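These are the structures, in structure tokens.
Below are two complexes that have chain A in common, paired first with chain B and then with chain C.
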Partner chain A sequence: MYSDEIETFLKSKGIKTGDRIRVEYSGVTIEGDLMPKTEAGRHDTIIVKLKSGYNVGIAFGNARITKMNGQAVEPGSSPKSKVKQDAKLPKISLIYTGGTIGNKIDYRTGGVYPLLKPEELLHEIPELSKIANITVKSPFSMASEDLSYAEWQKIAHEVASEINSGARGVVVTIGTDTMHYVSAALSFMLQDLNAPVVLTGAQRSSDRGSSDAFMNLICAAQLAAKSDIAEVGICMHRSSSDKECQFMRGTKVRKMHSSRRDAFRPINDSAIAFVTSDGKIDYNGHYKKIGKGKTTVKAGFENNVALIKVHPNSTPGIIDFYVDMGYKGIILEGTGLGHTPVGPSNKKGSWIPQIGGAIKKGVVIGMTTQTLYGRVNANVYTNLRKVSELGVVYCEDMLPETAYVKLGWLLGNYDAKKAKELLNRNIVGEINERIGYDEFLV
Partner chain B sequence: MYSDEIETFLKSKGIKTGDRIRVEYSGVTIEGDLMPKTEAGRHDTIIVKLKSGYNVGIAFGNARITKMNGQAVEPGSSPKSKVKQDAKLPKISLIYTGGTIGNKIDYRTGGVYPLLKPEELLHEIPELSKIANITVKSPFSMASEDLSYAEWQKIAHEVASEINSGARGVVVTIGTDTMHYVSAALSFMLQDLNAPVVLTGAQRSSDRGSSDAFMNLICAAQLAAKSDIAEVGICMHRSSSDKECQFMRGTKVRKMHSSRRDAFRPINDSAIAFVTSDGKIDYNGHYKKIGKGKTTVKAGFENNVALIKVHPNSTPGIIDFYVDMGYKGIILEGTGLGHTPVGPSNKKGSWIPQIGGAIKKGVVIGMTTQTLYGRVNANVYTNLRKVSELGVVYCEDMLPETAYVKLGWLLGNYDAKKAKELLNRNIVGEINERIGYDEFLV
Partner chain C sequence: MSDEEYYKSIGFMCGLELHQRLATSRKLFCDCPTNIIDANGKENGMVSRYQRAIAGELGTVDISAGFEEQRRRRFVYKIPEGRSCLVEIDEEPPHDMNTDALHTVLSFAKAMNMNLVDEIQPMRKAVVDGSDPSAFQRTSMVAFDGFIEVNGQKVEIPSIFLEEESCRAESTKEQEITYEVDMLGVPLVEIDTWPYIRTPKEAKDIALYIGTMMRISGKVQRGIGSVRQDVNVSIKGGARVEMKGLQDIEFVDRYIENEVKRQQELLKIRDELKKRKASVGKVADLTKILKGTKARVVVNQLENKGIVVGFRLESFKGMLGREVLPNRRLGTEISDYAKSAGVKGIIHSDEDLYTYGFTEKEINSITKELKLGKDDSFIMIAGSKENAEKAAQFSIDRANYALIGVPLETRGVINDENYTTRFLRPLPGGSRMYPETDAKPINVTKEMIKAAEIEAPKIESEEAVLTKQLKDKSLAKRMMLSPKLQTYRMIVDSVDEPVFVANILLQRFTELRRAGFDVDSIGDERLIEMFDFYSKKKITKQAVEEILKYLSKKDQTIAAIVKEARLERISGAPLKKLVEEAKKKTKDKGQVIKEIMSTHRLNVDGSELNSLL
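Showing the complex of A and B:
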């Protein structure tokens, strides 16, 4: 229940939960459906569900609330003028797909709601227009946990189209939770890539004092406008200070913290470059340089591929589950050097028969490690050889997430035999032949 | 095929693949079954499968090979005399359960084989007998990937029995791949623990120059003999140098590298103590101290609990799969702050109906994050609230592996209602209320 004051007011206006209402507060007008108070919500704050699906909370005392009919519209202030661009600056494209970087927080509830238009980012961050001549595109706006390969494909096509239309670099803003899956997908989908493709986002929404949104976007724009890197990567804070960002290879990077600004880390690899807000780029590792030719897209993706984390007493029946559903590929996240339970001690039985059965049916199975750092190696212990001799592909030092994306991409573009052959062959830097001593926990 | 020389020899002696043979080389005699050459194996090395299941390779040129009948026996040299113990030193117990720490490597093939007897560790490391008066026990000897909760229970009972028989501390040697699952299990199973329980192992077998076995075991013995910590933890190399080891809380530690000596790291926590080979203990964090009373065991464990890693386009059908098999608990390893796909964009559908259905049937579902570092938080985004409002327990900063073990333990000892209630309540330090700024990537 809301507070007595709110309940009395709503009753007097004939407003019930689920009704479409208009709320005016602090010069902003929003429209949406009145939601019931949540258990954790404050009694003196009303909750409105926007058309976008996001909930926003508004302090009752400051708001003017009216019942309305018809469609709710997106929140936001009045349309702003177009940002002035400098035609002499390098031409880059900004592809906006949603995520925290485009969100604003509601301080009363801690909830967040999205910006009205992607172009608002240019208004919010005037520095951007001094770095590059920016074209903004937005194929969709979604939370990253809901992105599937269809969205990855859309982004790949949009990126290639922008590059082939003259953009010397592309920035893609995206929700951070699955950003490293997306960066891996784009790494494989974009063929003969001839421009920096810089994914970025924010861990804190852009109207918070501690937001990383501005610096991440500015540094990403600097890389897109100035660097000679022809790879897909992620540009996020190097440390939790605002000193600089780092650009990490799209297949060798992972979100390693749920909330820190420096959550993204290179795994079994070094950052490709460090970059400051004012455009100083410090190249740190080997990378593919911009050459000539057209960037094309090979965007096939197999719908039926799974990533399974193995654990003590885990059931090998999970393999049958996927095989029975017609899955064509499975990545295992094994323990240590790439183990599954193989002994009779596992109450759920050895994984050997199910893995062997699936492979006989033509399913491609790859092995990675849940340690994340380091590589798998089938040659050290007998138990490992038992698994590898069934035909499981040991994926070197590839991240489980990258291996999952790679296998989906391979099976979407090649037959199973070729996919199996290519799975542990290095295509875009996803395998590091010799991991450096310092490439651990950086 | 082996080399012509070997094939000719085997033929002349009437030895075929699978035959029981005796091989004498370098003063060692082993017995086992002749194996076919593996694809990767050397042509001039014969492979013998020991009774233990381990393969060993022997350079043909140096070996005397004879065909035999009857049972093969374990490899090893002649029995050694009992190690002399000093009764005035603190009394500790060493529980040996297998793993690399008790293996020797065969330099010709890179394969490993186990020591004949756990007591050999005392012979191999004479320093141990100067630290403590050591009783060696070995309830079983297994590779850690094959340990299931039955073995965790055996270890828990063995540890409690040793403590209650007068051991002031216990060292448990164990394979490293699932050591952090075991340390979590022992943390919950041992009640009113009144002694240091120090798990250790090795990333490199004990006869390699780079082995960490000696130092890990010596430092673990120092902690068991001298520290006042009454917790279960893992003692392994702090860095890849041999300067010191670190003792990490059993529920807040994880194997983060497949091969490095410093693979085990505290997650969302600090090491409890640093320890050197000569017994200098530097206490670093808060911990439970040795008190009075008897250590008891609450070792119940539910067989039907799963850990599921969520990924883009992952199928919610996996929930039904486990529910249909009668599973009572599921830990999800979500993205970011604890997400599953909830939107219609996921080709496999939203996870909401399946999660909701499982919870209605009484399955306890917990949420952790695949970032490993940081905590889940159901209050930030609408998509998170959608999941938490179904009754999913958000497990704070608990590691996915620890949450899996905890849920299995809870459901093995309490009813579902109580288990759900306790899942995100701190019991033995598995939840860190306030993660320190420096507790990331250390």
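Showing the complex of A and C:
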């Protein structure tokens, strides 16, 4: 956005973004198209796109700006040739919800806009229409950091409705930052799931030639169209190379890097399958197969659940805070096997009284580990026993985020007693009784 | 007719884009080091990627980007240990722009009387040949509309850019290019001229001038590959052709002269083809006809389930063999297009097909299939179905262009002695720039402008300083233009004999180079060390040259060489002793010198010896 002063000036001269303008300043003249101003940078410059394609910022105060005749550029639209869909191919649905994967820059506003229409998407990635007959749905378009349980519920209903109306698989594109929360939520919300539900996204936006979006989407479509997996999972790059993607169980996967293509890794689990762009699916682990029956949705969610990280010097008052706020559940991310401070030199630092008090008030408290890898254990040390004896549920090898989503879902659909009982009982693969030797740092 | 008149008469247009790596300590958008690659460096690993052509700002895919995408090549990036991080391999957003690099470019802009922009806008320039893992190069226009004076002529400098160096291609296979990532992201300055350069010689002089201006700043990298020229050339009726990556300024004019000739030849070919009403036919599958052939060029492909396709070139007879550059014919030009689709090359009828192993029967069948008349030529291509068909299409497009004239191309240097180039890809159009939204725009402050003015490298004052030191205008000029200028400066900081140092770095180096010694491989540190030995009177002038011979073969410490070759200077008392011993044999001064020098030429300083007599 330009400053008010510049906006007023441009308006008075009838100059719009995209118009050809002449700028004279300190003895030189340049000509080019007026470009929009992004949030970054100085507020007193105007941005001009020169014929060479370069943008330059010129201080408004020193410049004489005039509008030139000639056609304004029409930035922003991508070519929309018709892409033929093949009705003989497997029918799949693609639910687009925003995120980096579909971002394109709008050169007029400088903002980012999503690819929404199936034509656009299929045009960008012509391979897709050779894999499946694709229906594109877009219930909303949001950045993943803004998604809440309300959007998870929307997606769950959308997925079930697509499956029940004939889609043999569903691809959900979503922002990657909170994708593993969404995959966990969908895993619990979709009951009697009877189709592959493949979440995918991109770490590099699709407006760059190197984007991982293309391969991720193609592999996701291959899984939705061909695999017999009836689970929710995430399909992203297996390595930094454009070689293959891996499909990871929705409750046992986590974003482990802020920017790499291969950021998503299975934790305490193996990938369910590896898949290549040309449709080779290599099944790697156990999974639930497609059967018969209708997929239903149990989408209740209790939002008053907290996820708390225990750390040195942390004070247990945070528990009281949440209890006073009316929270019904708390997942602790403990240290190591599932510790909180219980006997620090400062006696007030022990978490025992507060945890005990909260449980007495009916709050369900679960323990996970901030090591992410491995299982919590309530018995190895005396200090652990002190915590578990209070009634804290030790959540086995469940990821903290998965445990958080699970507890919210349990409390949204069951009473506290039942929720507590189910918290560390495996429902959709979120708990593995065995952790393989080769399931670490992969 | 003078050169200038001649080139004017043919409508010669020529512009330069000079690229020079900057000697900053870290890369432009990340914190990796920029020093020249260590050939023995370890690798962290490799990644392989594919890239796509993306519609630009105006919604269209650039022609060169589209061309590259059609080739669907796999790009492998070798990741050197300690010299690249996640930013280079497109796994992390860019860090802030390196301000040292920016300050240097601003000072160059000031040296060329340019207008600085107020706010620098980093852009992405699409590159789809894989030389950048992100599929774009980050580039920013820093200043525009300046001028320099070369040979008394005003030369306008329309723009200067700060951008990232790309990857070095290490090897190219049919459908795969392997790149080294180490140099990727090193700051690179690009300086352009308008296309109004009047002669090839003038192009060379301008390149030399700008190169010198940058070098005297002391802020640019030296050595192979650190400086490159892209040269744009066209003539009346021809087309703009960009010759990319000329590294040696010495030969810029030769390449330009050859390109002019190439365009002239292509226009002659066009005129001839037009006169003959020539045309290009459609692709036909010749696989069946050539089943069981013994022709080696085809056999392998057919055995690997490949195909052979061909097309007629009506009234082209003899034209494919016409030379357009030394050792390169129209057929070679078409072949380069075919090769870019991943085939080995083309077979055409202006060649002797029998030497390939084709039989008369096969040639007759092809003639029949392609309906060839006696004035027609044809082209055949063997390869996998996908590659062969693509290659045929590229070749047909190029052959059709022979009827139009000179295609717009980016061409690369062939490293032979002929100063020739070959087709790389179509010349990029305008739709390849878009804003780099991951990098912040940069405000050019008053302080930055002031610093740039102070630091602007000034050729005239540099020349004056050198003339004063060397007391010889022509030696000073040679020193200033020499790539060794920076080395010279470092040495004369501590060795107070500028003329001796300059003579070694210029004259002696040239002589030794000619005698086959690789003196350019000697590092600055060694040279400084050697001159330090000299200034501390540990070695003589004569020993210096001897040491250079050692260093050009093997890098070792000066102390070690001195010891190994017995180059210690004999001075003071030991020298006096030698003199006295010699005097016992003869009273003649000249004979004494002769006596001593015959065995101690490298160890005794002549003037010291003289002073003792």
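Following the convention adopted for this analysis, the second predicted complex is superposed on the first by the 344 of 442 C-alpha atoms of A that agree within 3 Å, B and C clash if a C-alpha of one lies under 4 Å from a C-alpha of the other, contacts with A are read in each partner's own complex, and residues count from 1 in each chain.
Everything that follows uses one rule, which is that a residue touches a chain if its C-beta (ideal position, glycine included) is under 8 Å from a C-beta of that chain, and two chains touch if they have at least 3 such contacts.
Model, not experiment: these values are computed from the prediction.
Enquirer: So, A:259: does it touch chain B (first), chain C (second), both, or neither?
Expert: both
Enquirer: Give one of first, second, both or neither to describe whether A:30 is in contact with chain B, with chain C, with both, or with none.
Expert: second
Enquirer: With both complexes overlaid on chain A, does A:59 touch chain B (first), chain C (second), both or neither?
Expert: After superposition on chain A, A:59 lies in contact with chain C alone.
Enquirer: Based on the superposed arrangement, let me know which partner A:204 touches: chain B (first), chain C (second), both, or neither?
Expert: second
Enquirer: Of the partners chain B and chain C, which touch A:243 in the superposed model: first, second, both, neither?
Expert: Touch partner of A:243: chain C, not chain B.
Enquirer: For A:412 in the superposed arrangement: first (chain B), second (chain C), both or neither?
Expert: Touch partners of A:412: none, neither chain B nor chain C.
Enquirer: Determine, for the superposed model, which of the two partners chain B and chain C contacts more residues of chain A.
Expert: Chain A has more residues touched by B than by the other partner.
Enquirer: Looking at A:233, would you say it contacts chain B, chain C, both, or neither? Reply first, second, both or neither.
Expert: In the superposition, A:233 touches no partner, neither chain B nor chain C.
Enquirer: Per the definitions at the top, what is the overlap between the chain A residues touching chain B and those touching chain C?
Expert: 38, 40, 53-55, 110, 112, 240, 258-260
Enquirer: Give every residue of chain B touching chain A within the complex, in rising order.
Expert: Against chain A, the touching part of chain B is residues 38, 40, 49, 53-55, 110-112, 142-151, 176-178, 181, 240, 255-260, 262-263, 265, 303, 305-309, 311-315, 317-318, 321, 325, 333-343, 345-347, 369, 371-377, 379-383, 385, 389, 400-401, 404, 408, 437, 440-442.
Enquirer: Looking at the complex, which residues from chain C come into contact with chain A?
Expert: Within the complex, chain C contacts chain A at residues 46-55, 57-60, 65, 86, 89-93, 115, 117-121, 123-126, 128, 133-136, 139-141, 144-145, 159, 161, 430-435, 437, 440-443.
Enquirer: State the interface residues of chain A toward chain C in the complex, per the touch definition above.
Expert: 26-28, 30, 35, 38, 40-42, 45, 47, 49-59, 62, 73-79, 105, 107, 110, 112, 203-204, 206-211, 214-215, 239-243, 258-261
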